[in-house]
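Next come two complexes built around chain A: one with chain B, the other with chain C.
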Partner chain A sequence: MTEDHIDGNAAGGALSDVFAVDLTAATGQCSSCAQSLALAEALLYTQAPGLIARCPGCEEVVFRLVRGPGRAWLDMRGMTCVQFELADS
Partner chain B sequence: MLSAGPTPQISTEVWNFSVTTETGEVRRWNWAELNALSVERTTVDLHCVTKWSKLATTWEGVSLDTLLDGVETSAEYAVASSYGGYTTNLPLEDLLDGKAWIAVRYDGEPLTPEHGGPARLLVPHLYLWKSAKWVRGIRLLNDDEPGFWESVGYHNYGDPWREQRYWGD
Partner chain C sequence: MARAKILGRLTWRVATVAAVRDETSSARTIVLDVPDWPGHLPGQHVDVRLTAPDGYSTQRSYSIASAPEGNRLELTVDVLPDGEVSPYLARVLSVGDPLEIRGPIGGWFVWDPEKPEPVQLIGGGSGVVPLMAMIRARETVGAQTPFRLLYSARGPETIFYRDELRRSSENGSGLSVTYAYTREVPQGWERPPGRVDASLLTQITWAPEQEPISFVCGPTGFVETVADLLVSAGHDPARIRTERFGPSGGGS
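For the complex of A and B:
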């Protein structure tokens, strides 16, 4: 395996186009190996037509984000039960 | 170098390629068997969806016409799959009539893992994401099945001349 990825924190800017909360701080479970992970811990591949985040445990895809002109597509089927930290009002 | 994940390191000793029809019939070639087939040289232009093109690239590979010769199928669609889990879909007719190859050499040299070696699909008339690196098989299907990028916003067909980049283009 080559060191061709960066950490999931780098997806923060692109994800902020879609979500009102900071998703890099969110946690969830890998659908493939059930490892708990924060999105910031994901292995992020950016040298591609979109962003691909992979589980640091099993390297399966946890989310894919494609940004087009005026549109974005997000597939999070690789991550279950995402937990967000929210301030109580 | 575009990649959707860790670069698979597949030696030619373990590499193999299969064609699976819609009825489950499988044809399989190992590295020696593939290279014993008629290897063609082709010079083509490449077009990446990230808006670069590379003109007059020279490849050597086995035509899909050769690999699919004699295969009994009424399928209209195909899905190429790669070591590492990548997939991409295209109409079967886009693999035939001299339009697609299993490429084993680029510019006279064996394909490195970073360039999709030992072998990659080469379908130069479509955007480059259709030319699956590290290809390990093609399934023939009666129904279309969107691949890795086609299922998350990228165009199902990907014709660069019509700039078919995203859904709805």
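For the complex of A and C:
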């Protein structure tokens, strides 16, 4: 494992552009190795044109978020069954 | 798990620099006045955005150093020699200047003052910043939660918040502070310079049986090493929260 990653926690700001709840404390399952993880625990790579988060267990990609002028691309197929606290409405 | 905070989508807001304070020869605390700041949890961070006159814009994440307190917010920024953002924040930014921030961010690396379990804080270099927010929040709310801080730094001259840490650890409230120096030690220091290792961790951290929650923050290599040592020592990985800064320090 290299040292050029940080924690998924650092993606909180970018994710807050998209989601109305804090997703860093959300938990889910890696669709590749089935490990349960909080988004904050993912290995986050920021050197690419976007944010790439990988599973701390198997290092497969769990989500990708890319921003372009006036738009965003979000791919979360690597993380299933995302669970987060949500106040009853 | 810390309670998730429902904030709605975050927007950028303009803070004003209310004061600046040197911490070391390369690090500075920036006190921000943020209108309508919603408050934060100890351990959370903000994103800071700088925009050049030609429209080029770049952003970095910085941990909040202060306990929640009205519209005031403190960040401590250490200069990275090749940094794009940190030299401006730590050397150029002055009182009265505006600064664009977005936050508070993060619901994972946060301490909940209502939780009774002992807290182990382990920081490497500027990784102490969010841990300081937890120490300050503990003091602000008058919590008696047992706290231990292990603070690893290159040498005594690179320690942030030294006087405040001394006061807080000597007031009998149950905070203990241990310094571990990696390159340079004060005269007569009992331990030669070196990285945090298994024996030091065993000596000064809570035993796994006491079921502490551990917060580990610092450069990526430091965090990986410490987290692995804690797990080897028998700590439950689910009770270890980490925040990595990257190869060499906080943000850039």
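Quick note on the criterion: the second predicted complex is superposed on the first by the 87 of 89 C-alpha atoms of A that agree within 3 Å, B and C clash if a C-alpha of one lies under 4 Å from a C-alpha of the other, contacts with A are read in each partner's own complex, and residues count from 1 in each chain.
Here, a residue touches a chain if its C-beta (ideal position, glycine included) is under 8 Å from a C-beta of that chain, and two chains touch if they have at least 3 such contacts.
All of these numbers come straight from a predicted model, not from anything done at the bench.
**Student:** After the alignment on chain A, I want to confirm one thing: do chain B and chain C clash, or do they fit together?
**Tutor:** These partners fit in the superposed model.
**Student:** After the fit on chain A, how big is the angle at chain A between chain B and chain C, using C-alpha centres and going to the nearest 10 degrees?
**Tutor:** Result: 110 degrees at the vertex chain A.
**Student:** Where does A:Tyr45 make contact in the superposed view: on chain B (first), on chain C (second), on both, or on neither?
**Tutor:** First partner only.
**Student:** In the superposed arrangement, which partner chain does A:Asp4 touch: chain B (first), chain C (second), both, or neither?
**Tutor:** Both: A:Asp4 reaches chain B and chain C.
**Student:** According to the stated criteria, A:Val66 is in contact with first (chain B), second (chain C), both, or neither; which is it?
**Tutor:** The answer is first: A:Val66 touches chain B but not chain C.
**Student:** Tell me which partner A:Gly12 touches in the superposition: chain B (first), chain C (second), both or neither.
**Tutor:** second
**Student:** In the superposed arrangement, does A:Ala25 touch chain B (first), chain C (second), both or neither?
**Tutor:** A:Ala25 contacts chain C only, not chain B.
**Student:** Just how close are chain B and chain C at their nearest CA atoms in the overlay, in Å?
**Tutor:** Superposed model gives a least chain B-chain C C-alpha distance of 10 Å.
**Student:** On chain A, what residues does chain B touch that chain C touches as well?
**Tutor:** After superposing on chain A, chain A residues 1, 4-5 contact both chain B and chain C.
**Student:** Which of the residues in chain A come into contact with chain B in the complex?
**Tutor:** Its residues touching chain B are 1-2, 4-5, 45, 47-50, 52, 54, 59-61, 64-66, 68-69, 71-75.
**Student:** How about chain A: which of its residues touch chain C in the complex?
**Tutor:** Contacts found on chain A: 1, 3-7, 9-10, 12-13, 16-22, 24-26, 38-41, 84-87.
**Student:** In their shared complex, at which residues does chain C touch chain A?
**Tutor:** Per the touch definition, chain C meets chain A at residues 1-10, 45-47, 59, 61, 102-103, 105-109, 219-221, 224, 241-247.
**Student:** Along chain B, where are the residues that touch chain A in the complex?
**Tutor:** Touch residues, chain B against chain A: 1-7, 9, 49-50, 85, 114, 129, 148-149, 151-154, 165-167.
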